[in-house]
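Read through the structures below before going on.
The same subunit A turns up in both complexes below, where it pairs with subunit B and then with subunit C.
Presenting the complex of A and B:
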């Protein structure tokens, strides 16, 4: 089992709005599942520059470009639809 | 009974930093968040408000003085400072009427669903602030008529929900977000003029053949998307235009970079406080309508990652600044809301089918109108900010925002209120 600390980028359009909600949720999700991770809140436009040091991008907005690391679209956290599926996706990628 | 009235008056006179926490506590309790959570929410919201107040003070002290110097030096008459959506949102939330409006607006949404007037279930409590701002507009113009204020907010909500339903095809097909709508003040309000203009621009022969590469634009102009860079550059420029020496101009630049970075952080605090209440409200709504054929209304921010939107809004930053200087009849110094342009063009880009050239031309025409509207809104907007307890030095410039002051829907409410006041006031 991989025990290194993962790095998760939580992005939204502005870096302060919808991502605030998601950061809390992601932190709790990872803690509940025993995944050690460092969660950073960013604007989606910053993601490209930060992907080298990260393991996953969780975004609440549409992705403006393609990335070299896995991405999860988390709009479901905001609308309340399919939130558990998103939880599962994140866990699968990081475990 | 008299004691109760005295207590209420005492609290109201303490101002928003006291009213907000108490009001949010009550709302939290009503929605069942439990006392501890509701109390903490209220305190965090109050603190966020204090934080925003601090930053606005910095903005008006530093930029206000420089803008004034700019007039003296250059005759560039831009004394209405655009404080941006964070300030406008905070002001809206701090109006006493805001706590009252949360349950009212929720009920109106539910009623509209039951009456089949809308299919949107708006769970985005944070963005209620746009409707509250409309309510505050009505309240202020009529000299504190609460009922009229509530009426304005409700009218605003009805328009938002109906137009949100109409624009749902864009959300689903263009943005790929199934089952969602954007009943958010900025995308919808600006769509009212943006979509028709985009349609017109699209009729110009040859436009659809031109396009621009969004990746290239993001790369070259990316720095314009960095708020603190915008603040630094703009602040320095204004300082220099105001006749400041390089050192002093740099100081203005750094202060403005600080405003751009700190303001959203303070708003984040306010938002955090609102989350438990927002989630409780969402559960309340969902319990009433399980599994119905409804659209979930969410924050338009979910679309702003779209490359067309990112690129268009990046290009519109320098364009808007230029327009502010050359457009006759404009008194607004665009600043805090340059980053808000992203939200204005959501449906413009959708209508233009992602064509950046078409979007930018449309955006330019739209921003001209926005600047005029924001100029016209300045007096009432400033009053709204002052009334929510923000401190301005005496004789300072007026304040506006592009998100509220420049928003066609908010402006229409302003005119409605002014009409009402002139007929019945």
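Presenting the complex of A and C:
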């Protein structure tokens, strides 16, 4: 990826519940760290088809397959456990 | 709209002697259907979704689960709550091979993601509060549950 605007896919099983909260969290995290990114909310089943134009998949749910781009499991954003470590992982990948 | 506005007291079960996830889905699905909040496929779809993408969460002191499915099975948004003294086994959201003993189940009947962001954020904040979970789990009647949802955590 040469573009300075990163593309992040935020996924959960349905694409409507837990990912809704995570999209807001990731958008804020990236803005706070000066990372320009387009954040898209998807169902994890759509990730395979959308990965080509993306830099990162952030998922609250299990990954049904493997991907060619980095992935971060972000269930901690829902449970509140280790949320800061997830923040750091995402920043490290995109910076 | 707040989280408590989605709570329907007919969809609250306290210390319910349930033995399995399926029993929980049947109980809640049937009632949600009778109340007109979900269609007749809801419990079946909840079970299917849970089998592929489990929703169990191991928190510090509690195991909880937030089963939900696609919006097409929902007629009107709602949140159902079921507590179980002994707990029911769910698989973990972040690792389906791991089980978690769940004492509080929040079944989410959700529709449009953007309209429900603040409600979901409120729910996540509650889930992350051990005090909220403790108060909910120790609720002995529906009036207690209502006051828990009316309180700030």
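By definition in this document, the second predicted complex is superposed on the first by the 92 of 95 C-alpha atoms of A that agree within 3 Å, B and C clash if a C-alpha of one lies under 4 Å from a C-alpha of the other, contacts with A are read in each partner's own complex, and residues count from 1 in each chain.
The rule is simple: a residue touches a chain if its C-beta (ideal position, glycine included) is under 8 Å from a C-beta of that chain, and two chains touch if they have at least 3 such contacts.
Quick caveat: nothing in here was measured; it's all calculated off a predicted structure.
Once the two complexes are overlaid through subunit A, subunit B and subunit C clash, as defined at the top of the document. Applying the stated contact rule after C-alpha superposition, one finds that A:24 touches each of subunit B and subunit C. In the superposed model, A:71 lies in contact with neither subunit B nor subunit C. Judged by the touch definition given at the top, the superposed model places A:14 against both subunit B and subunit C. Look at A:79: by the touch rule set out above, it reaches both subunit B and subunit C. When both structures are laid over each other on chain A, subunit C collides with subunit B only at 343-351; the other stretches in 199-207, 235-243 or 343-351 stay clear. Residues 12-18, 20-21, 24, 44, 60-62, 64, 75, 78-81 of subunit A touch subunit B in one complex and subunit C in the other. Those residues of subunit A lying in contact with subunit C across their complex are 12-21, 24, 41, 44, 60-62, 64, 73, 75-81. Those residues of subunit B whose C-beta lies close enough to touch subunit A in the complex are 123, 126, 175-177, 179-180, 214-215, 218, 222, 225, 264-265, 267-268, 271-272, 275, 282, 286, 296, 298-299, 301-307, 310, 339, 342. Looking at the complex, you find that subunit C touches subunit A at residues 49, 52-55, 57-60, 66, 68-71, 92-96, 108, 110-114, 116-117, 120-121, 124, 127-128. By the touch criterion given at the top, residues 11-18, 20-21, 24, 43-45, 59-65, 75, 78-81 of subunit A touch subunit B in their complex.
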